[in-house]
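Note that the chains are named A, B, C and D in the order they appear, and that numbering of residues resets to 1 at the start of each chain.
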Amino acid sequence: MAYQPDRSQYPQKKADGTLDIDLASGKYLKLWQGPQHPGITGNMAIELTVCGDEVVEGKTHVGYLHRGFEKLMERRTFMQCFPIVCRICVPEPDFNEYCYAAAVEELAGLEVPELAHWIRTLILEMGRINSYLMYLGGQAGAFGQGVIGQWTTYVRDLMLDRFEELTGARIYHMFIIPGGVRDNLPEGFAARMETTLQEIESTLGDVERVMFHNAVFKKRAVGVGIIAPELLDSYGITGPNARAAGVAKDVRKDQPYLVYPELDFEAVTGKDSDIYTRADVRRRDLLLSIDLIRQILVKMPKSGAVMTKLPNVLHWKIPRGETYIRGECSRGEYGYYLVTDGSGYPRRVNVRGPSYTHSIALFERLVVNANISDVAALLVSLHTYPPEIER
Amino acid sequence: MKEELLKRMVKGPDGVEFEVEPLRDYYCEAGPTVQTPAYTAIIEKLFNWARSESIWILGFGTGCGAIEMRPLMTPRFDAYRYGIQWRPTPRQANLFVISGYLSTKTLKRVIRSYEQMQSPKYVVGLGSCTINGGMYWDSYNTIKRLDDYLPVDLYIAGCMPRPEALLAGFEDLKKLIRAGKAEGANQYAENFEWYKANQKSVIHDWDMPDYNW
Amino acid sequence: MVMQALYDTLKPRFLLGEFTKQRDDLAFITVEAVRLHALLRHLRDQEGFTHLVLLTAVDWLEDGQFQLTYLLNNRAKRQDVGLRVLIARDNATMESIHDLWAAAATYQRELREMFGIDFPDSPRLHEDFILEGWQDIPPYRRDFDTLKYAQENYRDRPGRETRDPAQHMKQQLYGED
Amino acid sequence: MSIRDVLSPFTAWKNLFRDPVTIADPLNERPGAARYRGFHKNDMDKCIGCGTCETICQNGAIDMLPVSGVPAKLGDSGLRPRIDYGRCCWCALCVDVCMTGSLTMSNEYKWVESNPDLFRFTPGVDKKHWDNAELGYQRHAEKHLTPGERVEMPELEPAARIGSFTEIVDGYSIEQAKLEADRCVSCGLCIATCPAHMAIPDYIKAVRDGDYERGVQLLYETNPFSQVCGRVCTHRCEDSCAARHEGDPIAIRWLKRHIIDQVPQEKVLELIGKPAAPTGKKVAIIGAGPAGLTAAFDLARKGHAVTVFEAQAAAGGMTRYGIPEYRLPYDALDKDIAVITAMGVDIQYNQRVGTDIAMQQLQSDYDAVMLAIGLHQGRSTRIPGSDHPQVRKAVDLLRQITTGEKIEAPKSMVVIGGGNVAMDIARSMARLQLQQHGEIRVTLTALEDKAHFLADPVEIKESLEEQINILDSRGPQACVIDDSGKLLGLKTWKVLSIFDAERRFAPQYDESDEQIHEGEMVVEAIGQMADVSLLGNELTEKLEWNRGRIQIDSNGRTSENWLWSAGDCVKGPDVINAVADGHRVAISIDSVFTQQEAKS
């Protein structure tokens, strides 16, 4: 076949609709990215079939980080599950803690003190900032801009210091416990947080100038990896990926939880739905989180109970029931489906991570006809955390 | 065995057909060998010093703990000043940091990567999971003891260990190397059969050569 | 209330089973397997439940049944509905819904691998998904014992032993009795 | 895209002029935060080895192991947690759940080893450089994971109860009992303290599960006196309860009573089952108190023919004739005894051994004899005037009340003694006073100060509620009698100390602080002794004695191989001890029978 500039004709399809890819023909090449470090946080492999420098088929391979959480939780008591859930998502573990705790509280009929709701919201927004900072570094890195990652990792570490003084740990905070949170804010926390927020804002200014107002970045990211709005429902797309397509899908607004009804904000949206827009939506969402944290620290009650009295957790039984708790994490809708059967152990826990749909079905669709050099950037732009896919 | 690893006929771009047998064609058949000190003590000492001051870590974060390596690569902790840096390929790396739990699926890739590293090479186990299974002690999909499958020079406690603890670990590793006690690669060569048997007992679909050099 | 109204309208048409209100914005409805596809299509196209939140299974080993849960979200009305479908555990098979939501194919792949539920015609259903070279029964089934599997396949580090406080005290303080 | 997009990235160069953010010495400059969950510490003195940390650890990281220098003792298993840092995830649930607050965390986080086995360590025993770290994770001031407060027992108000002998304590409802049982952490520290070593955590679990039939079975495995012990047990188990350290101990006694309250008598009999086939062996037991009847119950279930000789008209011993009805109603006691007689135990009432039937007779008619005669003789203070007829012994008065004899309550009275019997007689007499005279005037004088009272604190609290005038640290000196021979009251001196340096009883008084307590009657409640006259001279001389009590071996056997003894008469007053003793003797007698069978 003569050279065809219109690559979208490749690969051709067989009569039964499957792709006509004959590796022995010499036209196609199998290329693996990953599992180590395909440009995202966590291990995942992409099996690409390329024709020239263009991808004709991509398959996502997951399971490198599978530990079987949903199984392990079935043999742990409700309190014993609390320390392990955060491990499902390393860069933003707190949503696991919140969703799990809220699901348990709902089925057990527990009321959580007001102050705990505020602290939970605070922690979730802090986690969101961390997650976005990590993302920005990764997104820039995928286009060869290493310096952004150097900056954002530094300010993320400042936020980790705040996490450490508040929760007692840097990464796995294990702070949002069924029944409330483990403690109140330490003395002088708000002031130190403000300093950290200012540092992050200042870095974000740099990021905007160096990354977003950057000819190279725009050349690579604008118009690439467009998610058509009509795909949103079919592919279960949520979060910034959906908001960048102009749909203000944000659980914090749509089905508000915790203290979001008392905070003043609008969902951040974009309209072009390409890599650039998604990055920009996340940058602006990060600024929104900074604003939310400031609002929280002003509006929250300064003292009070942080945790409700639990029954003896060693033999805590929860009546039969099922529920679903969702929250808006930095990647989209994070949710826990919890089924109880009246025993002291969960009957079933299912964790819905947004990457589950974004990085498999959606990515496999978007990657077709992409340039090899854009694959990593595309995957990063969907904001993928593999452990939440395979758990 | 994966299709692409089977012996088959392939037609080249020039139309000529030829036989490919990937396991024989692409891999070395010889096993690992024990490297004995080749020079006088003083020169070996110098070598060990040089080795200890150029720790090149393979950029393969196998589990959660990898997230605490990122701060080390950035200005705040700046591990580069300690002679530590991260490399994208096993061929350029001499330290494999197993950053936490290993699912059997990852273990397979880890073994391949480890065997592709050049001697002398070191392994550091990071956190509870590498020592005795950690919080995944009852999981069907993660190994419990890293030293059953790879020779481990050093363990760092934590879940996960902080960047500062990692640095402390690397500093300890340097001492081991300088003392000539970081002999993991030789241990692996000496007990190759034992390691292989352990590896194969948990990797049920072994579809690669025994030694991936 | 709104959910109840929806249930009442749909009940005769789709012969719906039990209705469980969990919250004002979340209810679960039991559906027969054969009516699920039509009901999903109706909910998606007519009722605004356009977002498939998740699809997963619960193993009711004692009853010999799998419960499939299809959770749908109506963003405009801020409502969620979970459809429960009970299918026989032996040779579990369920109609695929990848034609309604493309993302469903991934869920079905996972359910095939982790529970052993078949979804005929679902794309790439039989490719390895999370596990690799798995030889035992699907691990999310209740009759799969993960601790036993771990002990049989992996070795713990030796040197662990423990005593029961009551037994130890008996031995130390009044053992002869 | 514009020229701005080309130039803007160059603003990054401003960082050339910025101070570096690098931490100069990350290995030493970065201590963990004040709340940091670092490596564990354990306060050896506070730790009681209850193993709750091991129970909650979802990683199976904690082992409970003996530690040299920490022996097992009541309330402390002597085990200490060893943590495997090959498992730990530093979630601090062990710290949160720790029953004593001994387990804490430091803010230290650096630990590197070549040998992975070294990561198993016992905090507090294996010395670590972070043992004295001041910072580190602390449990929130309020304890959240196990409830600390006891479910209050509903009981009659003082005004409602003082007029009669109606039982004061109502017993838990099912909901209350479940809540109380829920607090138990099932550590089992209590088992060793209970003389009968009852399966306490298991029967508390039965309450949690609502499985009362299982509960009854567990109770009867170790104790046929559940109605009695569920009400009046000295519950020393509760002193060993792990929950005691940071809250109230579990109400073990009330939960026992709750179980037995929930199961109808017929069901109890059904659960216990029928006794074994007759063995042809005959056992005589002297005294139908808890010790005797426990042994009788055990032996009867094994198929031996048991006859119990009781001097009184009803069974129960001190539990009937010593404990007032408002603490232990007779019908509750009767239920326990009915179960025992249902096993085929024959109780011969009004048969006083030594008077109605001779000891030698028993020896010759039975294969084994057990002496469980209790302590029914009150001790006297032997102070001047204590031989006055209005100076009475508490045990005698209590026995009279039980048998229904008419007692003329004095308008005012003084009780000597600070133990439970003193409280019992004071409160019983107060009720009679109220019934007969319409007002209460009872003074109770004890040698001990308030902090060291021998009586149960609840008894003291309730006595005070019932208007008993309790005076502590008063030593009785004389009963004051006027010239007409009428008893006026009791003279006491203030007690300075009770024991001398060698812990021998040698009270010291402040003679200047003398008081006279008005009373038409003085009741001595300072202890009881056994009436061993039934043994007869010959046997008394043959037997070995120990400080006025019959010498027994650890199985309850006396120096005469056909005679066993148990209960208060050899061990001092305590129901649960008597029950434990009864079991011991039953096992001993049964094993002797088995050996005899084997020989023949």
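What we mean here is this: a residue touches a chain if its C-beta (ideal position, glycine included) is under 8 Å from a C-beta of that chain, and two chains touch if they have at least 3 such contacts.
All values reported here derive from a predicted model rather than from experimental measurement.
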{"item": "Winner on C-beta contact pairs when B-C is weighed against C-D", "value": "C-D"}
{"item": "Chain centre separation (chain B, chain C; CA means) in Å", "value": "38"}
{"item": "Whole-Å separation of chain centres (CA-atom averages), chain C against chain D", "value": "50"}
{"item": "Separation of chain A from chain B, taking each centre as the mean of its C-alpha atoms, in whole Å", "value": "29"}
{"item": "Gap in Å, rounded to a whole number, between the CA centres of chain D and chain B", "value": "60"}
{"item": "Touching two or more other chains - residues of chain D", "value": "21, 58, 84, 86, 89-90, 116"}
{"item": "Chain C: positions in contact with at least two other chains", "value": "131-132, 139, 144, 146-147, 157"}
{"item": "Multi-partner residues of chain B (each touching 2 or more other chains)", "value": "75-76, 105, 131-133, 135, 137-142, 145, 159, 162"}
{"item": "Contact graph of the chains (line, ring, star, complete, other)", "value": "complete"}
{"item": "Residue ranges of chain D in contact with chain A within the complex", "value": "1, 4-6, 8-9, 11-12, 15, 21, 32-37, 52, 55-56, 58, 89-93, 96-97, 137, 140, 142, 144-147, 182-186, 205, 208"}
{"item": "Of all residues in chain A, those that touch chain B in their complex", "value": "24-26, 30, 35-37, 41-43, 63-68, 71-72, 75, 83-84, 87, 90-91, 134, 149-150, 153-154, 157, 160, 170-172, 387"}
{"item": "Chain D contact footprint on chain A (complex, rising order)", "value": "76-77, 79-84, 147, 154, 161, 164-169, 172, 174, 179-180, 182-183, 186, 206, 209-211, 213-216, 218-219, 305-315"}
{"item": "For the chain C and chain D complex, residues of the former touching the latter", "value": "157, 159-170, 172-174, 176-177"}
{"item": "Complex contact set, residues of chain B against chain D", "value": "75-78, 81, 125, 128, 131-135, 137-138, 145, 147, 152-159, 161-165, 167-169, 171-172, 176, 181"}
